[in-house]
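Comments concern the structure below.
Residue numbering begins at 1 within each chain, and the chains themselves are lettered A, B, C and D in the order written.
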Amino acid sequence: MENNGVEIEDTFAEGFGIKVSRIIITAATKHLAEITATEATGYGCSVIGCPAEAGIDTYVPPTETPDGRPGYAIMICHMSKDDLDEEIMNRIGQCVLTAPTAAAFNAIESDDGFATGSKLKFFGDGYQTEKDMDGRKMHVIPIMSGEFLVEDTMGFKEGVAGGNFFIMADSQLSAVVAAEAAADAIKAVSGVITPFPGGMVASGSKVGSKYKFLSASTNEKECVTLKDVVDTELPDDVFGMVEIVIDGVDEASVRAAMKAGIEAACTAHGVLKIGAGNYGGDLGPYQIHLKDL
Amino acid sequence: MENNGVEIEDTFAEGFGIKVSRIIITAATKHLAEITATEATGYGCSVIGCPAEAGIDTYVPPTETPDGRPGYAIMICHMSKDDLDEEIMNRIGQCVLTAPTAAAFNAIESDDGFATGSKLKFFGDGYQTEKDMDGRKMHVIPIMSGEFLVEDTMGFKEGVAGGNFFIMADSQLSAVVAAEAAADAIKAVSGVITPFPGGMVASGSKVGSKYKFLSASTNEKECVTLKDVVDTELPDDVFGMVEIVIDGVDEASVRAAMKAGIEAACTAHGVLKIGAGNYGGDLGPYQIHLKDL
Amino acid sequence: MENNGVEIEDTFAEGFGIKVSRIIITAATKHLAEITATEATGYGCSVIGCPAEAGIDTYVPPTETPDGRPGYAIMICHMSKDDLDEEIMNRIGQCVLTAPTAAAFNAIESDDGFATGSKLKFFGDGYQTEKDMDGRKMHVIPIMSGEFLVEDTMGFKEGVAGGNFFIMADSQLSAVVAAEAAADAIKAVSGVITPFPGGMVASGSKVGSKYKFLSASTNEKECVTLKDVVDTELPDDVFGMVEIVIDGVDEASVRAAMKAGIEAACTAHGVLKIGAGNYGGDLGPYQIHLKDL
Amino acid sequence: MENNGVEIEDTFAEGFGIKVSRIIITAATKHLAEITATEATGYGCSVIGCPAEAGIDTYVPPTETPDGRPGYAIMICHMSKDDLDEEIMNRIGQCVLTAPTAAAFNAIESDDGFATGSKLKFFGDGYQTEKDMDGRKMHVIPIMSGEFLVEDTMGFKEGVAGGNFFIMADSQLSAVVAAEAAADAIKAVSGVITPFPGGMVASGSKVGSKYKFLSASTNEKECVTLKDVVDTELPDDVFGMVEIVIDGVDEASVRAAMKAGIEAACTAHGVLKIGAGNYGGDLGPYQIHLKDL
């Protein structure tokens, strides 16, 4: 890993399993495709409080999409297969079918899948038809503005959630800019998303709280504004900190994303140290050591 | 209304009541504020299949926000007060608290409200403080990257959902471009959102279906690709159609949005006629006649 | 001025005269209008090395443009009246006439003006016509994709160039983010542009150089990476610095922009001090003291 | 070529030689890199009225740039070697050196080149240094906000200008949307730009005019609003037309861009026919036949 002189902590990220679907949303233009993919993946930071974890994986140019139009590969993730099924049905049915010129294609190989398209077709009220597109079974649903094409079955597989690293910097805003650079780099890695706003988490938490009713709370020992108040774990020269959280289709893609993200963060002026979050290795089956990247 | 020679149908939009919250999200830059507001309002097209109806009302420049930083006024809407309460808690707690440099302020006057900030403060695990900002009670929550400021109470009021109009044009893509112009114009009207992707609905529906299990389905008589197949209601020269749907804080704002949107749509080349959707006037308490705008 | 506790230096910005045109570019959608306005104002940082100083003043919603479509008010500035005339002819003729659905309207009141539209009309090769739009004399030029509308005369007036302030911060990237916030705030002030990339100048210069052939060079005493090498003028705790440069239609608008920009910069975490650049007051007729804002 | 049932005219585009430089602009984030690359390539549609032909070739992710940061490959083109030299010096010196965190790297292999970096270094006023980056000779210039890195020599080669095709559609706005899809597709082809606003030309011209002082004017026989007025060359069912113009580093890249652009345009609803512009084959040394793509 090219760390540009930045200290890499001897620690690891602890990941756990999550079910992942990957779908390509196309539209008449990149502009329209981006609007649609953004709407369909919003409100998708963490399954703790959002209905799913969702985000844009990468832009797919017209030369590489199933229908030759501009598209975005999105990922939608959930622990529960049933919840993921419902989320995909609702997000495609409400945010893609309703978007002018949009279409939705499965973009993950899998044995199992959801009957998203074969259920949505009934919206056509008998006027729907079927169409083969290079081996894909597509449903053509007449809608007010034209036709909506959706693939019969959307696949899913066991992926990896909770890939992460911490960016520590000389100021609050250095850490934010470095995190943006990291998120930019991760966008170039296929098969991963950074589901939080702008790809970064401003508020890394600890398990538990002084309040009985709260199962997670701010990690005061890593809060930059509490350095003089608590027994901080932050280095003396660190005044900014942001976390990057990654979901991927498999461990390899999460590792590649962590490597690309850390390397990009290390190019930002003022970045001093890279760390990672884990639960001692007891919780998650995946341990990705920073030193191994 | 300046209709630029376009035919305005003698009909009305039928609106109904919905509970509406309006919140200003600020951040260090417009770029960061937009990312956050977009995440917090995603997956928010229709309460039929999304957890809420949500969208960006308008950009608020630093000169006009409570903390002098760039911001976006967002609106979150639901029929149920309890669901709206939960949605605001989750969308602010998951998509705004986690966003670097973000803050959240109430932006609607109301008697009643939700204890969003006064609950979220506990995330501070005892390190949270309070602060008065020009009469606003703000909670200051230390987070890893700095501090998150959130107003104690988020208001809500009875608003109006279902404002709408139809754009009929000479081609599918003329209708889409005209709808984008309409959505652009509606963004300039305060107190309204167009919750669907890009502000437009490609797939206007009818109540009921030939399938017993389906309560709504495509409105085949208004589908441009079914003109030769069904007993169409579309004029002969219309080959493109898109619907605009509007939620507002009150009837006046919805009316203003409909007027601005229709006028803008009528500037687009190829627009031939403007209509609106209703249920005969039986369902909704609000009837907004196009001719009155 | 609300300075949020940031030190405001007791100094002044020194401005000088420049000729300013202001034009509204509209198009079918905000998306298309932004593309066109951006192209027409590019390569317009400083007349020292660019053919003009140019930029987007502000977005103008459909409800406020002459033709009811989304638009951007742009400003193009030059010391020389003849050069400004030529620049407007080329930028409108090459970057706006060629842009699908675009139109160009004068947006500055003035006694004198340029015959931009009355010359461009000849591109119509005899098929051009005239049209009155609420008192504006417009030329309608048939083009391949439809019609290009351009106002007969584009006004210009004596404006003010060189409005400026310096943002000093705790890190390089804090200064950059604060400068972005300042540029965001200035966009909300009508009648001004910040012509440099993203509205900020990374490379403030001094007059003269050790090289005879160079009339301006880096201001080493204000370079953050040379603090230990030269007799620096930077405070000990300042490690980031960016300049904001403003052109306006008059002194009042430049003052308003400086006030809005400084106030916004002061909201960014890590900003320590605001300064300004001048030549001792000998060069420019306008002296805008920071303490007076 | 996959034409989706759209008629491809039996004609050819006529290209001619142009000198082309290709430069990668990087910055701390994609957001900042895009702002800088856009400013540096603005006002660059056609050398007939702009100082150069310029545009963004493609986004280059951090994983692929020389310094591991997000970047954009831009191209700047001119017939004259001396003018190209000057344009690169001014566009880099004014629009990139001044942009916070930006750097500029040569991105074209060539025998000859311009001394852009080796001249710009003197702005450092003696404080500049040199640095080797994987074989690249870079100048490190201290500037107010940090350091500007620029490669010593910027290459250029004989490229191809004037690649083009016409999109004919059922309405004005169908043609515009199809042209946007084409421009989106061409962005995925390396080594080409579409220098006009949004990648499209709304106002294709003919040589000559009824006015002696004008060497080019609107091509009335291909103007959609003059179909009933002149002896039109447009098919009966065509009511929208937009041209795409392409500059490339060589003929192969222009051919690939034309193929990708035409295929994408043909996916847009309402596109009826694709044509191309030439001067009978007498003017340009490159003839790219649509049927051969």
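Going forward, a residue touches a chain if its C-beta (ideal position, glycine included) is under 8 Å from a C-beta of that chain, and two chains touch if they have at least 3 such contacts.
From a predicted model like this one, the values you see are computed outputs, not experimental measurements.
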item: Option in B-D, A-C or A-D whose residue-number contact pairs overlap B-C by over half; value: A-D
item: Chain centre separation in whole Å, for subunit D relative to subunit B (CA means); value: 38
item: Computed distance of Cα centres, subunit D from subunit A, in Å; value: 33
item: Gap in Å, rounded to a whole number, between the CA centres of subunit B and subunit A; value: 25
item: Touching two or more other chains - residue numbers and ranges from subunit C; value: 28, 31, 101, 146, 172-173, 176-178, 268-269
item: Arrangement of touching chains [line / ring / star / complete / other]; value: complete
item: Contact set on subunit B toward subunit D in their complex; value: 31, 169-174, 176-178, 239, 268-270
item: Subunit B residues touching subunit C - in the complex, by the definition given at the top; value: 2, 4, 28-31, 61-64, 67-70, 101, 146, 177-178, 180-181, 184-185, 187-189, 260, 263-264, 266-269
item: Parts of subunit C lying in touch with subunit D, wherever the complex brings them together; value: 28, 32, 35-36, 38-46, 48-51, 54, 89-91, 93-102, 122-127, 141-148, 172-173, 175-176, 179, 196-198, 200-205, 209-211, 213-214, 216-220, 222-226, 229-230, 240-243
